[in-house]
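Next up: some structures, all given as structure tokens.
What follows is chain A paired twice: with chain B in the first complex and chain C in the second.
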Partner chain A sequence: MTAPVIAAGGGRAALRRNFWRGVWRVLKRKPSRMVGMVIVLGFAFMGVFGPMFYPDPLPRDTAALYAPPSWEHPFGTDFEGTDVLALLVTGSRYVLLTALVTAVITVVVGAAIGLFAGFRRGRWDTVLMRITDMKLTIPGLPLLLVLSTIWKFTSALEMGLVLGLLGWGGVARAVRSQTLSLRERGFIEAARGLGLSTTHIIGRELLPSMAPFVAMNMLIAVTGAVYAQVGLFFLGVLPFEANNWGVMLNLAVFGGGAMSSPAALPYLMAPLLAILLLTLGIVLVVDAMDEIFNPRLREE
Partner chain B sequence: MTMFARRLAGHLARGLVMVLVVTTVSFFVIRSVPGDPMAARYEKLVEQGMSPTAAQRAVEVLYGFAPTGSLWQQYVDYMSGLLRLDLGQSLMVPGVGVSTVLFSAAKWTVLPVLAGTLLSFLIGVVMGVYAAIRRSGRLGDVLAISGSLLHGVPQYVLALLLGAVFTTLIPILPTSGTADIMFEPGFNAGYIGSLIEYATLPVLTYALASYGGWILAMKSSVVTVLGDDFILAAELRGIKRGIVFRYVARNAILPLFTILALSLGMLFGGAIFIERIFNYPGLGLMLIDGINNRDYALMGGAFLLITVAIVVANIVADLFYSVIDPRVRSGEGAR
Partner chain C sequence: MKRLAAVAALLGLAAVTACSGSTGDKPAAGGSGSGGGLYTTIDGLKPGLDVNGPINPWNPKGNAFLGFNAMRIAWSKNHLTDPNQFYPGIAASWEIAPDNSSITLHLHPGNKWSDGKPVTAEDVKFSIALAYTQGSTAFAIDPGAAGAASEVEVVDEKTVKITQDMDNPSVTFVRGVMDSYIVPQHVWGSVLPADFWDKLKAARGEGAEAEKAREEITALSEKVLAFAPPKDVSAGPFTLERMNPSEALLVKNKNFYNAANVGPDQVKMLNYTGNEQIWNYLIAGKLDNAPFTAVPADVMKRITTTQGNGVVKGYSPVSLGMAFNQSKKPYDNVHVRRGLAYLINRDEVTKIASPEGGTPAVTTTGIHQKPAAEWLGADLAALEPYKLDVAKAEEEFKEAGLKKEGGKWTLPDGTPWKFTVNVPAPFSDWISGAKAVTSQLTAAGIDAEVVTTADYPLYLKELAEGKYDVGFWLIALGPAPYNIYQRLYGVSNGWSILGGKLKHAEPGKNGNWMGGPETIEVDGAKVNPGELTAKLNSASGDEQKKIIGQLAKAANQDLPVVQLWDYVNTQFVNTNRFTGFPENDSDLLRQPSGVWIQLGMVKKKQ
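On to the complex of A and B.
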């Protein structure tokens, strides 16, 4: 996921090759980072190809409602006798697609606003940052809840769009402060002295130096988006049209009574473990990226 | 002092604008919600054979008011009501003002949030210092990774896990409510004990959810201070390690107070999941109930109160920081 961002900013081929060699070295040094990469790639694989392994209406086994975990059903079955693992895998596409859309929008809008405000400074900066501050202050989840009464977030794309448009505030602020410090450096001064256009300076000089930072923010935005939408479905304020992890959580707790009887417990645990694993993977990858992009942190 | 007053005035003005924007937006968003419970009631009564005027009267009696006039007129009414702290009538609890409903719910949010946050702050800060000092050792690694993980996992996952363990697998803690109905509410040992028992899971979840953030913040703050010149100077002068450590801790903790005030505000928003899972009747649960019942007034009121809490927390954080850290007061260094 990070590769396109970096490659687009990287420029020359040799630089890119060196970069990938550096990535490989950092990954190799600590096994935990490899684990993180494997987990994240595994989830990506599950989202893209997972649903293909199952028939479209999932088979129901009405003789085994809330069946306990077994070889046939590793996480048991739900209230209709559908295999929970199958639900988890088919539900992952919606969750991960939304997360991807959200992350892209968050990062593109946030970076654009941050770069523009930081580079132009002056009046534009003041206005944009006031808006950003306001966005950051408005509580996100309650706002989403109120919005969910008018929007129905029917498709994953729509959901991602709304989450992305609500989430760019933090990225904008961070990118702006990076821009403010970068624009005073020599190479930007030189570019300005050469009379290069603003778009050139921002696109070719500023953005590449910030790409790693932006990529990291994008990964963090992915987790944020997963939590937000799973949470919304879990709370039950959105209509259950698609099968996804949040719907599973909601049905397990408020339908199956997983908080009082152990029957629905495996049904509850499957999506929880998936979220925990995804978080772990992303935390480990971000940790590795931190070291790739901040050479000062490296302990040789 | 005038400096302080000017700062305060600026913050208050900005906060008021913020609240004005939020109320305006929420007013119009909420009015555009499809499915009006009062209209539905009215139509049902007419269908049952009541005359339109009688049905209108019946609905007004039931809910205490009826939205009349243009949208603009309603907006002006709403805003002028707001100045008197009158948020309108709740539809879910007929005859009771929204502000009354909300203020009675607020205590169930404020107390657990406060308890959980302070608990995690104390533990997290101490652990953060260890994580910073031992950052190249195994203990530091474990602390840092556990911090990142707990910081990364959403509150509802923690709440559900704790709930599954302590109410389903080992049923030792209650699943919902604020106290056992067996006890008379009041200042008696049984009721207070029951309050604490019922609050254990929500408080524990708040604490665990914010603990990771404290470790990470304190660790990076301590690492920064450790590199400062005055620490090096103190070490070179041969001052005892314990005293050097006091220098470090005192300087490193300053930025954390800002985050403390901010996170207290933010937790009002996050309390929604915990209150829903443990069925704890605070502001978050009110907001969800309001949404599920299409209770405009309650929805708007709960959202407004959560926003005001965050705005106030922001102001307090900034002012507090300028009081405890003299370096901020002198210049524009705070930005």
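On to the complex of A and C.
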């Protein structure tokens, strides 16, 4: 009597193994995907361990303000002689943690509301979608500008929470329409016919079909969150942290004159390149993910 | 917006002193036939041109450009120590009564508005009526306001006499009068009711009727601010011809009293929203002059390599201080403030934050080092210079009961000490300066951080509400000694003059955010610095000098602020198209270039 249970468990493990093998195969197929993966993992490593490689506070060399790039300072130094690369690395934790929190909140809240509204329809749908509509009409940036005057967003979690709560509307709408189409399919009807619970149908039947879409949205939310928070810091409305990427951009342009003279250019380029690289990495990984989750794209 | 605008605006507010009689200088004679050409500049007071702004000098977004198409009675020289020196504006000359009780203005004979009507004493009186609605030092409607005018009398068509209310005199009276804008009555007449002067008289009394009259006059303020003349009628060297969002074009006013000596035929005011735009204009060689602008060292190099560009430097009566909120611990303890002063390397801070626009403060006196040398003489060298000295700082901190645990300073009760300095986000030089200060303090074991506030008005509001522990604060706004010291021992530190009486408010009340004690110990003796500052309003000669000496010592020992750097008025000129710009250290550098032009200095290059 125990055999089927073992078989079931072994089957799931085998499925998981096959899944990761599939992932590996998909990644290997195009070198660009490997590059994307390396970039994303590199940023994750930088965010988690990067700050440990540098002393706190970072050393300054006031004899070398806005020093040009060299072996010692690959991206030069800032206005008070601190190594720009060190600033970039130590500042990555805030930026990436915010982006992660934002992405998780966007996707969890967006997908939950979209799935529930789309599956239940009726009154729940109306109420939730009107709330979503209302949320979508709130202009994000002006609201953030106003919020920043009363809230200082000193922790990445706070910043991510606010950005996440501002960003779930689009995901909720898209997930709802997907759900509306899926719920009419045979397998859902069968599940309902079997009398399975709503939680089971949503969690076990609908969500897996939506997974690729949700996962891609999550990655795209990461870039969106990076742009949003770096933009806010660039505008100078959020608290000053010398190693924040947005603050670095702001000081390079408005304090160092990076747009008018070359001295502060490396200081400007470092966070810009980092953002560009992160975006590139994510776009390449999204390409791979599309194929992993979408069987029709698999080139077996 | 940017620092330069803030400084300029504050300078505009700075009113002045002294009691000697003087007459106006004659406009510089210039050879005729050197006119012509288009002069390009920016207005340091107006970041962001507003095409819909009214041609109204009182409106902050107005398109009245000071010195070009907006005229004052006279232009202050902002002399190091004598604030009663002016260049002629609407007035050609003036006599100030020896006791400062009145000033008689003589207008330029034959001066006309750009529409051909004569500029008369009635225009001046009418403009003063408008000034009353806005409230200013000389034209305040509050009964008993120090330095307020009591009577404005038209002596003849070209002469006006303004008398000070001698119940409560102030040395700022003359400067207050001279700073008034003059506009044509025949254009602005409809703004004020015919019985304005009767209302004003009633407002000066007491009781319900006076209160009502005051309310009526204050209510006119909005009307004056919103008034938009259909076209520019100016008594300045230029009139506004047309404008678009990127530039304003002004053309020469043929009726201007000194029109024969006005060099350029046209003036173009370029729009800018930030310093970096000004830098780019300068690098491109577009500007014939740019007023004081904070510039990073490398950008300065780029600017000066552009053909024709030159830098003119002069005294700027402004310094930057780091001010403490003494109602917050541990900043109530003078030893903590002194310890911090010993830990800040001002040379390094200035090098990082304002290499081109500032010189490190020699010590903290509350006065810019240039006038300090004049006022204090040898006494300046006797003051504690607070050079970087970690050992002395530790001594002071220990005296204050602070403890050092594991390399970090803590408060006497063992709780961590977090040093937070606030600065407004748009001022990049202040941010760099604050960051340099916190880096130095962090290295010395103080947990220090910079916090920015979204914009300058919000910063000033929150500062005044006592929300910050430490904040950057403009000081030494000379040249009037009273104005210099009221930045340290004035309203923001609790002392205000109401109805001629000096009152001290508790910390947190009536704008007292510095929260210092009413009396402080200077060389072992009790001193009331607010009282001494108020005395500067009426003191003169040796007495004035003595009080300044006492206050400088008080500021040096009590340290309500740590003076970081003294501003240097760094301006840009381009001699490709025009010549005759002021030289280094000229007092004209403290006025907009429209004043240089109207005095006949700037000439087209032959």
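Following the convention adopted for this analysis, the second predicted complex is superposed on the first by the 283 of 300 C-alpha atoms of A that agree within 3 Å, B and C clash if a C-alpha of one lies under 4 Å from a C-alpha of the other, contacts with A are read in each partner's own complex, and residues count from 1 in each chain.
Note that in this section a contact is a pair of C-beta atoms (placed from the backbone, for glycine too) under 8 Å apart; a residue touches a chain by one contact, two chains touch by 3 or more.
What you are looking at is a predicted structure, and each value in this text was computed from that prediction instead of being measured.
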item	value
Partner chain(s) touched by A:L232 [first = chain B, second = chain C, both, neither]	neither
Touched partner set for A:V175, first chain B, second chain C, both or neither	neither
Partner chain(s) touched by A:G255 [first = chain B, second = chain C, both, neither]	second
Which superposed partner A:F240 touches (first chain B, second chain C, both, neither)	second
Touching partner for A:L166 - first (chain B), second (chain C), both, neither	neither
Partner chain in contact with A:V84 - chain B first, chain C second, else both or neither	neither
Chain A: partner with more touched residues, chain B or chain C	B
Which of chain B and chain C A:A156 touches, first, second, both or neither	neither
First (chain B), second (chain C), both or neither touched by A:L268	first
Touching both chain B and chain C, residues of chain A	145, 148-149, 236-237, 253, 259-262
Partner chain A, residues of chain B touching it in the complex	18, 21-22, 26, 29-30, 32-34, 136, 145, 148-149, 152-154, 156-157, 160-161, 163-164, 167-169, 171, 175, 266, 268-270, 272-273, 276-277, 284, 287-288, 291-292, 294, 299, 302-303, 306-307, 310-311, 314
Touching residues (chain side chain C, partner chain A) in the complex	274-276, 279-280, 283, 295-299, 301-302, 348, 351-352, 423, 425-426, 428-429, 431-432, 434-436, 439, 442-443, 450-452, 454, 458
Chain A to chain C touching residues, read off their complex	57, 60, 62, 65-66, 79-80, 145, 148-149, 152, 236-240, 242, 250-251, 253-257, 259-264
Interface residues, chain A side, partner chain B - complex	32, 134, 137-143, 145-150, 223, 227, 230-231, 234-237, 249, 253, 258-262, 265, 268-269, 272, 275-276, 279-280, 282-283, 286-287, 299
